[in-house]
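Letters A, B, C, D, E and F mark the chains as written, and numbering starts fresh at 1 in each.
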Amino acid sequence: MKKIEIIVRPFKIDDVKEAIADLGLRGMTVTEVKGFGRQGGHKEVYRGAEYQVDFIAKTKIEIVVEAERVPEVLEAVRNSALTGKVGDGKIFVTPVEEVVRIRTGETGPDAI
Amino acid sequence: MKKIEIIVRPFKIDDVKEAIADLGLRGMTVTEVKGFGRQGGHKEVYRGAEYQVDFIAKTKIEIVVEAERVPEVLEAVRNSALTGKVGDGKIFVTPVEEVVRIRTGETGPDAI
Amino acid sequence: MKKIEIIVRPFKIDDVKEAIADLGLRGMTVTEVKGFGRQGGHKEVYRGAEYQVDFIAKTKIEIVVEAERVPEVLEAVRNSALTGKVGDGKIFVTPVEEVVRIRTGETGPDAI
Amino acid sequence: MNAADTSFILICSALVMFMTPGLALFYAGMARSKNVLGTIMQSFVMLGLVSIIWAVIGYTLAFGDDIGGFIGGMNFFALDGVGMDTLNSPADNLPHLLFMVFQGMFAVITPALITGAFAERMKFKSLLIFSSLWIIVVYAPMCHWVWGGGWMGERGALDFAGGAVVHMSSGAAALAACLVIGKRKGYGKQSFIPHNLPMTLLGAGILWFGWFGFNAGSALAANGVAANAFVTTHLAAAAGLLGWLLVEGIHGGKPTTLGAASGAVAGLVAITPAAGFVTPMAAILIGFGGGIICYGGILLKSKFKYDDSLDVVGIHGLGGTWGALATGLFASVGAEGLFYGNPEQLWIQLESVICTWGYCFVVSWILLKVIDATVGLRVTEDEEIIGLDVAEHSEAGYQL
Amino acid sequence: MNAADTSFILICSALVMFMTPGLALFYAGMARSKNVLGTIMQSFVMLGLVSIIWAVIGYTLAFGDDIGGFIGGMNFFALDGVGMDTLNSPADNLPHLLFMVFQGMFAVITPALITGAFAERMKFKSLLIFSSLWIIVVYAPMCHWVWGGGWMGERGALDFAGGAVVHMSSGAAALAACLVIGKRKGYGKQSFIPHNLPMTLLGAGILWFGWFGFNAGSALAANGVAANAFVTTHLAAAAGLLGWLLVEGIHGGKPTTLGAASGAVAGLVAITPAAGFVTPMAAILIGFGGGIICYGGILLKSKFKYDDSLDVVGIHGLGGTWGALATGLFASVGAEGLFYGNPEQLWIQLESVICTWGYCFVVSWILLKVIDATVGLRVTEDEEIIGLDVAEHSEAGYQL
Amino acid sequence: MNAADTSFILICSALVMFMTPGLALFYAGMARSKNVLGTIMQSFVMLGLVSIIWAVIGYTLAFGDDIGGFIGGMNFFALDGVGMDTLNSPADNLPHLLFMVFQGMFAVITPALITGAFAERMKFKSLLIFSSLWIIVVYAPMCHWVWGGGWMGERGALDFAGGAVVHMSSGAAALAACLVIGKRKGYGKQSFIPHNLPMTLLGAGILWFGWFGFNAGSALAANGVAANAFVTTHLAAAAGLLGWLLVEGIHGGKPTTLGAASGAVAGLVAITPAAGFVTPMAAILIGFGGGIICYGGILLKSKFKYDDSLDVVGIHGLGGTWGALATGLFASVGAEGLFYGNPEQLWIQLESVICTWGYCFVVSWILLKVIDATVGLRVTEDEEIIGLDVAEHSEAGYQL
């Protein structure tokens, strides 16, 4: 099993969700995060005091899938999250050793 | 060392925390997340416009423990987070290669 | 490739960011989290009812880097996040098997 | 008609109206985030529901020609004969319509006060039914008894601006409601922490502001009595605030912001029946006592193990009771209390306290039991977990 | 000069002023989080911009010596001859300056109402230009026509507190604005969910509160007419609230908090032209109708596929129109409508509706087109994505 | 007694009271999230603390029989002889109690204004001690000098509604406070970004609204002077708003929402001493100048490296000073300034400015030093990091 961690622009979340659902996967966990990267931040000014804000709102999506499904998920995510401008985000794939569904106690592929 | 990542219903967080503390573990990191899964979402309506909200508030708990303690943690978490209804959540176990305690610089099992 | 996950005190985030940027790394993802650990929580009181709040605001930083850069990042993070008091936080290092930059489709070291 | 008084009461009516959205925020800030809208709605909807009921039937029940000291007749049904001039106006210096609407604003906020008792678990539909009936069978009679020529006023009970009519009545109904509806799921186990205290403080600020219309306006004229009521109101709120903070400190804790807001409201409740009858210095004592007594009041619920979610019994019930009795002690302006040589007044006040609690508690309890047995009072367990906002209103409070 | 009336209108002016920050919150709560400040600003800045324009030129265009029924002369330019006494004051019981500033508060809120139509995408600079010109070429003439001695008032059109001058005019301008500026990026695809409904409810509470100054104050005296307008305003708001909730229920959904707030505002809009001319019972019908009609009004935008972001057309345009016609039906206090034997009034009202919509829509449309072609109306796509707060004001609303 | 004036000042007193919760929100929105309640509390508690002190001792020190031009006697101690009629009332058209409470509302907000200077780091206990003493040794004398028959008023200094008494005095105390208490931990290194600007904007709206009670109410009658003060107040706020936005633009940035709110407050501060003495057109200049000068004022703190957290010195200190001098330039209504042929007035104003700054700064500084040396002014470093909400009040602002 693998965990696919995806950082995308917040307004892309619905598109990505649909692309993944189209693959027949119905499970993901989403977190609001802030990203620092090549994409420039912006300036904020409060009563004459300037602040450079480097962190940009991003959305992190985590999907645990069987290893063999990783390539198709990567493909689907890339297509749905792409705008082509700096700041589109990253995908990280990491190993998962065990999965348990709390409700049933099922483990492994059955649990997702 | 392993990281145990647990997605549970938000109101279960105190129960899970206590179950884990009962094992003598005093360390975890908690994140508010939104989950998409088998559990149905709900409808929201604003001035006659309907929106289907598929994401449901969940809480993610991350606990890093020595590998041999994983089974007892899984057990404790399952028992404390269980309601038996769809949406109880998942547990993912992933490998951790190194741990450092910032304060002391300790590494490995000593650091947690 | 490795993912370095760092839990620090919220007001340390700018220092850590700069320390990492000084290493020439320009990429990280930040999440607001709550931590439970050795550091004591605090009491809150609402109309005479007392609540013990064990969770403390922390900030999680995730940085994906090439494996050989891990030691210098650990060093930089520790120095910049240190106050020496209980609650400074932890660093976890975990394996990453693949990285994709959504914008370009680049993978591996090129993608970060 | 007196133009200056009319000018004053027009604005006071607006001020009292503003208290209901203020109360909505005061309460909603103490609820959990998932119930913020449901809690606001329970107060806000009274502005719609009760205003109409009042104009159609409530006003005439309260201020129509007296029937046996108990209820008003139908002569002002649907505002018949309630006009732009002072004809038949209980306040002959004010347009009759203005007197009616000023009174109507009191009717609006009273059932809104009750909602704090069953916050976070009441069915919206049942709330509407309960409040509609309650206005007719509890509020209108109470109002008639005290201000509309009914028996309580006739016996000499002093209630300047609604200690019995508004606060004790809602407090008694609140007690009935907690007992009938039961505790919130998880109460005592999970944390029920206010989700937005700045909202509560804003609400308290609005309440304090509007209360000047409530109490000073109850002089029904822009005169010295109004000025006195204004001052007593302000000083009692101030003293209530300090009193609550003091007990918090003595009770081993820190002075809290929610305590400051609660204490101010406690002081305001306590001074309400007394506002026009006591001196400013007496008001300080009454308010200070209010802050301390209501702090005690909120501790009762842990003792007796009922879930009065936002402390309506503790603050409005007890605060109103203390205020009514204190009026019997301290009255010295246009009436005399015990400390001014008239012990009888205290007995009259005590009688009014007992009758108000008794009547309002019993009738509210019956209403609630009947509704519970028919429509059901409470949302389902799943709805309670998901929260009233989504479950009852298909909405979410925040998308920050 | 009448001191009681002066007292009343001084406070009413303050109440109407308070409506603009109230509107800012009402609107901003419905916007998305990244546009919260931009949305507040679009209303709040009118307090600065329009107040000055009004004092310098707007007031004299509206209330200066009539020129051909169409516009006021320059005799009050820069408040020349507008003094502390009643000299030349259109209301001879009030200091002339007071009449001026009371009217000025109406001028401030009207362009603020329009901003709901193009929320979340309008350039701030262009907004300032548009609003400045609009006050001069749309609002001031409209105000003159109706209240300043112009043709519409002369023909007998009834508009007690601004159904045409404030609500229809802003509704018509809003329609022009949605058409010219186009939809928000992602409209219809992404979710445009209100980010902070408690803020919207607070705004609604402030609006309701301030509206008493608006409508009762339009009697320009603390008398029976003011009392009647106060009551009709309150009951129409109440009925509008209930009406909207009812349709929501019938339409297959749940009663919503946003619906309660929207319905109350709809009722307030609908009663505005009628407030001093109808009875309280008629006001209930008008308000109830307002709630239902405006609910229908907001559905139009999905039908005709324009993006009137915060429903200015649906609520102010349609509500104001209904109110103007309803005045022609129900007027019975100091004027007669159809139901009181005077069908002609309805025709006069209809004429005023058509002329108001026609004039305001066309002139607003031209203004917007010209600004679009020169300065540009709309922020860039990137700015729209990042949000007005950062893009136009270098600020963020929340750091929670 | 004049009923119309009584009606007006009753409501104005309520409006001024409402400014303190408004200020609490205005300030708290600019604080960081962990200090939101602590910041609200520092203002809100004044409603309790100062109200009582004022009634007991403050009022008599300010308005009791003059002792040597410096302070009032004890004849009104604990409101002795301050009654419902006009007997001994400094305003013989108003109930004495009403005059007292109207003045009391000014006393409440003044120390609340100071709290902006030491926001996010002051011990709550020390705040209570400081404010209590400050009201007695700084505010009451200042008030006596200017309005209570003391030397400053006798010398002819013009201060219509509190440029010296309220704004310069709090500004000077604020400067002393920043110097004594020192910077916030991390100031200049970490970002100190407002946590909730919509809250600040709401606060600004409430302040603007309440300021009509403050300034127009200072006419103490519902007459032409009140109308003029109302108009000058509104136009100065409007012009201040525009002035600030303009400088922001010229200074190379974008017009900000916080700037709009700050500019409006700056304009309101600047017009306060002048409100009843100048024409509306002069008010526009004064307000506009206020916006620009106060923008400059807030830049001073970076120059001189003190941490005036919420810019009390920059806005109230400088704005009040500008307003006092501007009164000496522009006065033309019931008094004459330099531009109306009376250069002497400017000197008198200058003298009052210097004496006010001098007295208030020195005495505040001594008070603060003494408290610091005994009880300590500042929370510990750990408490500052965790935030005042938890550290000083055992509460959290938000659970969203």
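Here, a residue touches a chain if its C-beta (ideal position, glycine included) is under 8 Å from a C-beta of that chain, and two chains touch if they have at least 3 such contacts.
Since this is a predicted model, take the numbers as computed values, not measurements.
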If we look at chain A and chain C, which chains touch each of them?
B, F
By the touch rule set out at the top, what is the minimum number of steps from chain C to chain E?
2
Same residues or different residues: which describes how chain D and chain F meet, taking over half shared numbers as same?
different
A student comparing C-F to E-F should find more C-beta pairs in contact for E-F
On a C-alpha centroid basis, what's the spacing between chain B and chain F, in Å?
51
Chain A to chain B: how many Å between their CA centres?
18
Where chain D touches two or more other chains at once, by residue number:
2-4, 7-8, 11, 191, 193-194, 196, 202, 253-254, 256, 258, 394-396, 398, 400
Which residues does chain C have that touch at least 2 chains other than itself?
31, 44-46, 94-95
Would you mind giving me the full set of chain pairs in touch?
A-B, A-C, A-E, A-F, B-C, B-D, B-E, C-D, C-F, D-E, D-F, E-F
Interface with chain B, chain A side, in the complex: residues 3, 17, 26-31, 64, 94-103, 105, 111-112
Inside the complex, what are the residues of chain E that reach chain A?
186, 190-191, 385-386, 390, 394-396
Given the complex, residues on chain A that touch chain C span 2, 6-8, 31-38, 54-55, 58, 60, 70, 74, 77-78, 81-95
Within their complex, state which residues of chain F touch chain E.
2-5, 7-8, 11, 15, 32-33, 193-198, 201-202, 204-206, 208-209, 212-213, 216, 221-228, 230-231, 234-235, 237-242, 245, 253-258, 260-261, 263-264, 279-281, 284, 333, 398, 400
Footprint of chain F on chain E - complex, ascending:
1-4, 6-8, 10-11, 13-14, 17-18, 20-22, 24-25, 28, 36-38, 40-41, 44-45, 47-49, 51-52, 55, 78-79, 82-85, 94-95, 97-98, 100-101, 104, 124, 196, 199, 202, 389, 392-400
